[in-house]
Every structure is written in C-alpha cells, then in structure tokens.
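These are the structures in question, set out in turn.
Heads up, the next two complexes both have chain A, just with different partners, chain B and then chain C.
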Partner chain A sequence: MEKFLRQLQSLDRRWIYLVLSIVLIITLIKSYPDKPIVLPSVQHFYDAVDQAPAGPGQGKIILVNTLFAAGTIAENGTQMRSLVRHLMLTHKRFATISVGEPQGATYGPAIAGDLAKQYGYEYGKDWIDFGYQFNTLAFFMSFPRDIPGQIKTDGQENKPITSFPIMQGIRNINDVAMHVEITASASVYDWMQYVQPKSNPRLPIGYACTGVMAADAYPYLDSGQLIGMMPGLKGASDYEALVDKLQTQEEAAGHVKHHYDPNAITSIPAFPPPARNLMYSQSAAHIVIILFIIFGNVGLLLSRRLAKKSAAKEEA
Partner chain B sequence: MFVLAIALSVLVFVGIMALLHQLSPRGKKWITILFTFVAGLYFMTEYFWPVHHIKDPEGNSIMGNFLTNSISPVSEYIQLILIWTIGLGIISLSIVHGQRLLKRMPGWHNSLAFFLAMISFIVIGYISHLGKVPAVGAHKDFLLGTVITYKTLYGFLVNLDSTMFALLAFYIASAAYRAFRVRTVEAGLLMVSALIVMLGLVSFGVWLTSGIPADSAWAFFRFERLYSWLMNWFNMPVQRAVAIGVAVGGLAMAMRIWLSLERGSFFSQEK
Partner chain C sequence: MTDITPDQPARHRDGADSTIWSVMLLVSLVALVIFGLYTKGNSTFNLVLGVVATLAIFSILYKENPVFRFFEHIFIGLAAGYGAIFVWVQYIMPKWYIPMVPATMYHKSVDVQGGGQWWLIFGLLIGLLFFTVYIPKLSWMNRFVLFGLMGYSAGATFQGFMGLIAPQLTASFRPPISGYDHPAAGGAGLNDIHIGHLYFHTWWLISIIVLICTFAYFFFSVEHRSRLIRHPAAAGRYFLMISLGAIFGTTVMGRLSLLIARLDFLRVAAVTLFHHGPK
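On to the complex of A and B.
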C-alpha cells in the first residue's frame, strides 16, 4: 500500500506525457464545438467593435496590430479570424499592421485576404495592410501624429498609402476609431503609454492576448484603458460564438451572400480549426492535469495518515 | 542621383567614424553621454511640452508643439541607425562564429548551423520578396519565390516554432503535478486558486456547477463567477501594485541611463 502511495506521488513524467498526448490526439481528431458562457471582457470587446464608427462614410478605420508568430497561432490566429469576420459582417473599414513581428506581418493580411474573398471585401477600399514596422519609441511618437508620414507605402502592393481610397481623410490617431492588439508579447503597453494619450477622444484599445498574459491586463481593464479583452483560446472561443450568432442572423436577414466556410483560410497551411472545437481539446487537457494533481495530493494525504498511524502504533 | 546620394552618405559616415575613432576614450565617452542626453531631452520635451494648434508640413491643422513636426524625420533617422546596428550585429556574430569555425573550437558545429541558417534565410528572404505571396494576389508571377516561401516559412519555420510552443503543455502538466501539493496552508490556497482558474475557463468546469441557478443567491459558487472574483479581487490589486513598483523602478533606471550615471554603461570598464 505504502509503495503504491509513494508511486502515486512521484509518477514518472513520461506517463504524464503519454496520457496527455493520447488525450490531445483523440480530442484534436474528434472534437465538438464548445458552447461557452461569454466572459464579460469579451462581450465588452465585441460591443466596442460593434459601436466603432468605422463604417463606410464614417471616415475612420479600425487598426489591427498582428503581433504573433506560429507558436501562438492557435490562440492569436483564431482571435484574428473571429475579429476579421466580425469587422466584415458589420462592414467596418480596417487596416492591418505588425509593429515588430515579421511573421505577424505575413499572417495578419493573409487571414484578412482570405476572408475578404468570402465576404466580398476589396483591398484598398474596405481594408488595407500597413505592413511590417520597426518597434521603436520613435514610431510610437510619430505614428499618432502623422499616419501617412510614418507608413508611406502599403504592405502588399508597395504603393503610397495615400493613393488608396480607404486612406482619404485618415491623417492621425484621431481618425482611428479603435485599436486592436492581437499579440503574444507585452506590446499593448506601448500603445497605452504613447499612443492613447495623444488621441482625442481617447482611443479605445481591444486586447487579444495569449492565455498566460491575461492576468497582467486586469488593472487596465478596470481603469478603462483597455475597452475589452479576448484572453487566449477561451477569449477566441467566446468571440467566435458571438460572431457565429451574428453570422446566422445576417444570413437569415439575407445580408450575407455566402454561408461562412470554416476552411476559408487557405493561404496559411494547416490553419487551426474553429476555436470552439479547440476548446474541447483544452478542456480535456485541463481535466487530465487536474486529475494528476488530485492523484498526487491523494497519495500525499494517505501516506501522511499511514505514517501517523504507524507512529502511533510504535508509541503504543 | 540616388546612387550618388548613397555613395556620398557612406563617405560622410566613414569620414565621421574615422574622425571619432581618433578621439581618446575620454572623448568618446563624453560624446556618447552628450548624444544620450540630447536624445532623451528631445523626446521628453516633445512629450511634455504643452500643445496647441499648429500646421503640419502639408498645411493641415494638428495639435502639437514646436518639436512635433520634427518627430517624423527623427523617427526615420532612428530607423536608419537601427538598420546600421543590424549590420554591425551581423558582422560581430560572423567574426565570433567564424573564428570558432575556422579554429574548430568546441561547439563549432553550432557556429556552422548559425552560418547555414543566416545565409539561407537572407537568400530566401530576398527570393520570397520577389515572389511575394499574397494576401491580396499581388506579385504572383514569380512562382519559385512563392514555392520557396511556402516550403521555408510554412513548412519549416512555422512547424519548428509551433513545436517549441506546444512542448510547453507537457512541461506545464508535469510541473503542475509536482508543484501543487498541499504541504502547507499557503500551498493549499495556491492549489485551490489554480483549480478554480482552470475550471472557470473550460466548459467542463462550467458544467460542473451549472446546476446552481445563475440568478440564485448561490450563483457566486459557479466556477466562472469564482474565476472572475479571483481575477478581479485578488489578482488585479496585486498586478497593480507590481506595475506601480516596476514603473517607479523603471523611471529611476531611465533617469540614471539618461544622465549616464548607470554603472557599466559607456566604457566604464576603461580607465
């Protein structure tokens, strides 16, 4: 008995790896869409995008900074997909940019470009790519004051950005209705420090981060510097559920010509499946981890009890 | 004209560098201190100086001060300096790894891998740029560039990057199993908090407490509510305190670097 309890406390890590691998493989192959209870921070994010004055004729754009690489595409890629679908369903004009992450400068416009084909969005008129930009203090000082002066050419066709219809009237940060930071690093703090104070009215910033970064952002949500947050895969799943609901409504109303194809992202090979399906795998992995934690603690408690009993016997 | 301008710039740069090189270590140190101070003063003044309506170079009315219109050119200048530093970095790395490779020092095969990776990615980068793939269908005429981009970026780099990140799940699972043991009251609290956060974020946890009606007096004990309570009432004040501490420390450090008081900066090892 004692031997078993000791084993329960110090399982070889390879057993943990094996069980987790089997669970993940099975749930990734066969998964079901999650039906999430939407987090308040995700609902605020969604509402802010909905209300942003970036529609045709409203004169502003939404800026989407894609600061992620392949390692976090399951979280950030699915966040980007849901956000862009929302922007396109609500006819918002937007620009993609990647300040400091070369892979993000590829992924952002690739996702937007593939979805644009499905939703009938036209490059240069409904959306534009600002391309890769150096992450320097000078950029953050200059960009809010003079967007065409800082960006100069677009990231896809290498033409002056002022030559695109979408950029008519876009001069400085006050012409940006909302900023969205889709990131795997602490980049949003630069936007809060240097860009947000230069805007009038205050620039709403939506934060789509990886799960491990979410805890740091709560003070900024409370202060209103962040208008909403999509934390990790859970945030992507919640946002996706809201967008799927909107899609159904728009399709029923006849506002959308084509049914949404979940495999629309073809420019990026093996792009992750819907976030709600991935949440199924994440749930299973969490259960496995919780079970292992329980095993370890049960072993610890029972072995302590056994030790106490044997000590009491020896005393007697 | 463009080539002439570049050649002239390079000549001027080399000339200035040659002149600076003649300076004594003390002279070099003071020049560095002076440039650091002026650069810091410029950005600080631009940020804090009161703003009013001014005209930008195109004649549009913007809010700014007497330094605002110079920010864009200065920012471009800083980008140029960054590009030079990338070049310097490549030269420096090549010298270090080149020596290790030529002398067959321990770990020379890592240096070889460095050269292979660097050269191949520079070449691939240029080829890919010619055959840019796109998001919007631009420049699709250069098929080789497109193929190479797919094979290297999506077939190689992306998979390596994803694999590195995916390994974390296994390490976290193993670490959680070993770390979360109720040996003390504090460890118990930590474990319970971790379990609530994990269960509050996944549908399984939500399902476990879904029997508690959302509008009842006991709704607080639903995992998603407990999760929000923990994050908003315990996590947030701690994060705020840490952020304030880090900001004050960062300000002190910035002042020391700006005024060149920080030990270890700028030739401090030289007598």
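On to the complex of A and C.
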C-alpha cells in the first residue's frame, strides 16, 4: 500500500496525458449534446442581440469583429456559428470585420457565407463583410466618426462599400446597434477605450472570448461596459442551446423553411461539431482532472499518515 | 506528482542538431511542397498533412524530438508568411498601392486601373525614416517620426484610459442601499434584498469586504499582530486563492478546448479517410 502511494506521488505526467486523451477520444466518438444551465452573462448577451434595432427597416447594423485563428476555432468558431444563426433567425442585418487578425478575416465571412445559404441571407442586402483592417490607433479614431470613409471597399467583392443596399444610412458608430467581439486576444479593450465613449447612446458590446480571458472581463460586465459575455466553450454551448430552442420555435411556427444542418459550414475543413457535444467531452475531461487531483491529494495525506505511523513504531 | 519528463533535455539526446535529421527533414519538406504542387491542394492531401502535423506537434507530450521542432518551425514560418501576404493583398495593395500608382497602369490580378494619387508615396517615405536609425549620419531624422508617433500615442492613450476607467469608477460608487425603483437602479439586481422601499445591494457589500481584506493582506506598513489586521489579512489570503483558482479553472477550460478541437479534427480525418459512417 505504502509503495503504491509513493508511486502515485511520482507518477509520470505522460500517464495523465494518456488517460485524458483516451477519455476525450471516447467522448468525441460517442458524444451527446450537453444540456447546459445558461450563464446569466450569456443570457444577457442573447437578450441584447434579440433587442438590437438592426432588423430590416430599423436602419442600423450589428458589427461582428472576428479576431480568431485556427488555434481557437473550437471556442471562437462555435461562438461565431451560434451568433450568426441567432442573427439570421431574428432577421438582423450585420457586418463582419477583422481588425488585426488575417485568419479571422477569412473565417468570419466563411462561416457567415455558409450559413447565409441555409437561411437565405443575401450578401450586400442582409449582411456584408468589411474585410481586414489594421488595428492601429488611427483606425479606432476615425472608424467611429466615418464608417464608409474608413472601410471604403468590402472584403468579398472589393466594391465600394456605399454601393451596397445594407450601407444606406450607415454613416458613423451611432448607426451600429451593437458590437460583438469574437476574439482570442485582448482586443475588446480598444473598443471600450476609443469607440464606446464616442457613441451616443452608449454602444452595447457583447464579448465572446476564450475561456482563459473570461475572468478578466467580469468588472466590465458589472460596470455595463460589456452588455454580455460568452466565455469559451461553455459560453458557446449555452448560446447554442438558446439558439437551438429558438430554431425549434421558428420551425414550429413555419418561419424557417429548412431544418438546421449542423454540417452547414463546408468552407472550413473539419469545422468543429456543435459546441454542446464538445462541452460533453470537456465535462468528462474536467471530471478526469478532478479525480486525478483527489487521487493525488488522498495519496499524499495517506502516505504522510503511514510515514508518521512507521516513525512512531521505530521509536517504540 | 513530480515532473520526470525533461523539459530541456541535452541536445545530443533528441538528435535535433544531427546532420542526418536535418537532411532527412529538409528532403521531406521539399517532397511535401512538390507533392502539394502536383496535387494542386487536393483535399485528401491537405487532410493527411493536417493529421501528420497535428501528431508531430503532439509528439512533444512524449518527449522533445526533432520532428516536433521541424513542424514547430514550419508552423511559425507559415503563420508569418500568410500574415504578410494577406496584409499586402487585402489591405496595402487595395488601399495604398493601387490608389497611388498612375491611372494608366492596369492591374490584371484585381482587374482595376491605378488611382493616380501620387502623394500617397509620402506615407512610405515617412515610414522609411524609421530605418535611418541604421545610418549614423541620418539617424537624427528618425526622431521626427518618433516625436509624432509618441505624441499621438500619448494623447490617444490618455483618452483611451479615461474611456476605459471612468465607467469603472462610476460603477464603484454605487450606494450600498438605494431607494430607487429596481430597474432604474441600474444593477443586475439578482441578489439584491428588497425591504420596504429600500434595496440592499449584497454584491456591493461582498465586493467591499473582499477589497478591504485583500488590501489588508498586502498592507505591510503595519505588522500583522493586531486582530484588526491579522484576521482580514488571513481572509484576504483565502479570497486571493479563490480568485486565482477561478482564473486557473478558466485557463484549464480554455486549454482543454484547444486539445478537444485537435482531437476532433483527428476523428473527422479518420472518418473521412476511411469512410466509416457519418461525421
């Protein structure tokens, strides 16, 4: 027993990697959609998108900044997919943009374009791509004042931005109903620092970040600078659950013609499956990690106790 | 658990510096490029390449090896190269180069004429002043652009600081008890206690207690002997551990998501390559 407990204290970390990988592979092969309890910050995000005055005839658009690369596609890609589905189900007009991330400028419009085919969204009328922009101070200073002057041409067809019907009446940041930041970096601070103070009424910012970044953002949620937050895969899973529910309601009401296809995104090879399925794997991984922690700590405590006992015996 | 996997093993053990490995990996890189050009970006080839690259990067989990280093360098090189080309094609060429060149110049690749705005060349010339730092006689010119850049950045940063921090300060000055109507009070109100016409904001109280206790832990001007500082400091230590634990928890969640994405890619690749049922 003592020998086993000692061995447990000096376990090679590669065994942990192996066990974790096996658990993840099994849960990915045999996966089930998670049934999440929706976080309040995700619910606020969802409600803000729902209430944003960006429908047809409302004159505003929702701006979606896609600042992620292949590395975080499990989190940011699934967040983007759920958000765009929500925008399309609620008939919101939106623009994609990538301020400083070349890969994000490819992924964002690719996801929106594939889903547009399924939901019957028309490019230039219902959604548009502002393309890649440099993340310089100059951009953040001039963009809020003059959007067509800063963007000039769209990112897909390279045509003048003002030639698209969606851009009629869009002049400055006050014509943006909501800003959504889907990001793997600390980019949202630039929007809170330079863009939000210039807007009137205050621009609502929704924050879809990776799990690592979530803890830093809570003070901004409390102060109202962020209207809602989708933290990592958990956030994507929660949002997806809300959108799936909306999809079912819309289908039942006959507002949506086609049933949603989870494999709709074909432009990006091996795009992640639904976030709720991934969250199932992640929950399993969390359980494994917790078990290892308990195992290690119990081993430590028992080995100490055995060491004390053996020391007492030797003294006797 | 002790870490018995060597992080930085002796170089001779992994063979990364050996000529045989270097030649083998270089030959495999050339073969990959030739095969990629030959198949013209065939999706199966891309998928197999993705699987090989993923497994090569994962091989670090077993131990440091030259194959991992080789793919690590390819990844960094590709990311840098892709970024540079993308910025040129998507931004610099359509927004600066084409508008600048003469109107008589036709660009076949993007099917547009030049803009003839020759004065845009000054942007490049001003930018080049940064490089005068390498020429001792002309290095004084570097200061002009640095002055401009630093002055502009300082002003904008101050403006940005106020934009970010002012709402934080306002949010910190919420009253602990308010008599306002609940929605107009502006808080989430989920945990507020409602007594008569008053609202007790419990989260405000908790945040103040946590703030004072954490400050007490880091307050070293007074020796931690008195109960007044010893107990709050002890509580502050626990609050710090809780918040650090929360940050660590989200970090683990984020890192696991990356791993899950790659493992799912391997699963999809296996299903696609061997055609076993639906994805």
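The working rule: the second predicted complex is superposed on the first by the 316 of 316 C-alpha atoms of A that agree within 3 Å, B and C clash if a C-alpha of one lies under 4 Å from a C-alpha of the other, contacts with A are read in each partner's own complex, and residues count from 1 in each chain.
Just so it is clear, a residue touches a chain if its C-beta (ideal position, glycine included) is under 8 Å from a C-beta of that chain, and two chains touch if they have at least 3 such contacts.
A quick note: this is a predicted structure, and the numbers were derived from the prediction, not measured.
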item	value
Clash-or-fit label for the pair chain B, chain C on chain A	clash
Partner chain(s) touched by A:79 [first = chain B, second = chain C, both, neither]	neither
Partner chain in contact with A:66 - chain B first, chain C second, else both or neither	neither
Partner chain(s) touched by A:296 [first = chain B, second = chain C, both, neither]	both
Which of chain B and chain C A:268 touches, first, second, both or neither	first
Touching partner for A:185 - first (chain B), second (chain C), both, neither	neither
Which superposed partner A:11 touches (first chain B, second chain C, both, neither)	both
Which superposed partner A:247 touches (first chain B, second chain C, both, neither)	neither
First, second, both or neither for A:109, with chain B first and chain C second	first
Chain B versus chain C as contact partner of A:172, first or second or both or neither	first
Chain A residues contacted in one complex by chain B, in the other by chain C	9, 11, 13, 16-17, 20-21, 24, 40, 71-73, 103, 134, 137, 141, 211, 215, 219, 222, 234, 269, 282, 285-286, 289, 296
Chain B to chain A touching residues, read off their complex	43, 46-47, 56-57, 60, 62-64, 68, 71-72, 74-75, 78-79, 82, 132-138, 150, 153-155, 157-159, 161-162, 164-165, 169-170, 172-174, 176-178, 180-183, 191, 195, 198-199, 201-206, 224, 228, 231-232, 235-236, 239-240, 243
Parts of chain A lying in touch with chain B, wherever the complex brings them together	9, 11, 13, 16-17, 20-21, 24, 34-37, 39-40, 69-73, 103, 106, 109-110, 112-114, 116, 123, 129, 134, 136-139, 141-142, 145-146, 149-150, 156-157, 171-172, 200, 211, 215-216, 218-219, 222, 234, 267-269, 279-280, 282-283, 285-290, 292-293, 295-297, 300-301
Chain A-touching residues of chain C, taken from the complex the two chains share	1-5, 43, 46-47, 50, 61-62, 82-83, 86-87, 90-91, 94-95, 110, 152-153, 156, 159-164, 167-168, 170-171, 186, 188, 190, 203, 243, 246-247, 250-261, 263-265, 267-269, 272, 279
Sites on chain A touched by chain C in the complex	8-14, 16-17, 20-21, 24-25, 28-29, 40, 71-75, 102-103, 105, 131-134, 137, 141, 152-153, 155, 158, 189-190, 192-194, 196-197, 210-215, 219-220, 222-225, 231-234, 263, 269-270, 272-273, 278, 281-282, 285-286, 289, 296
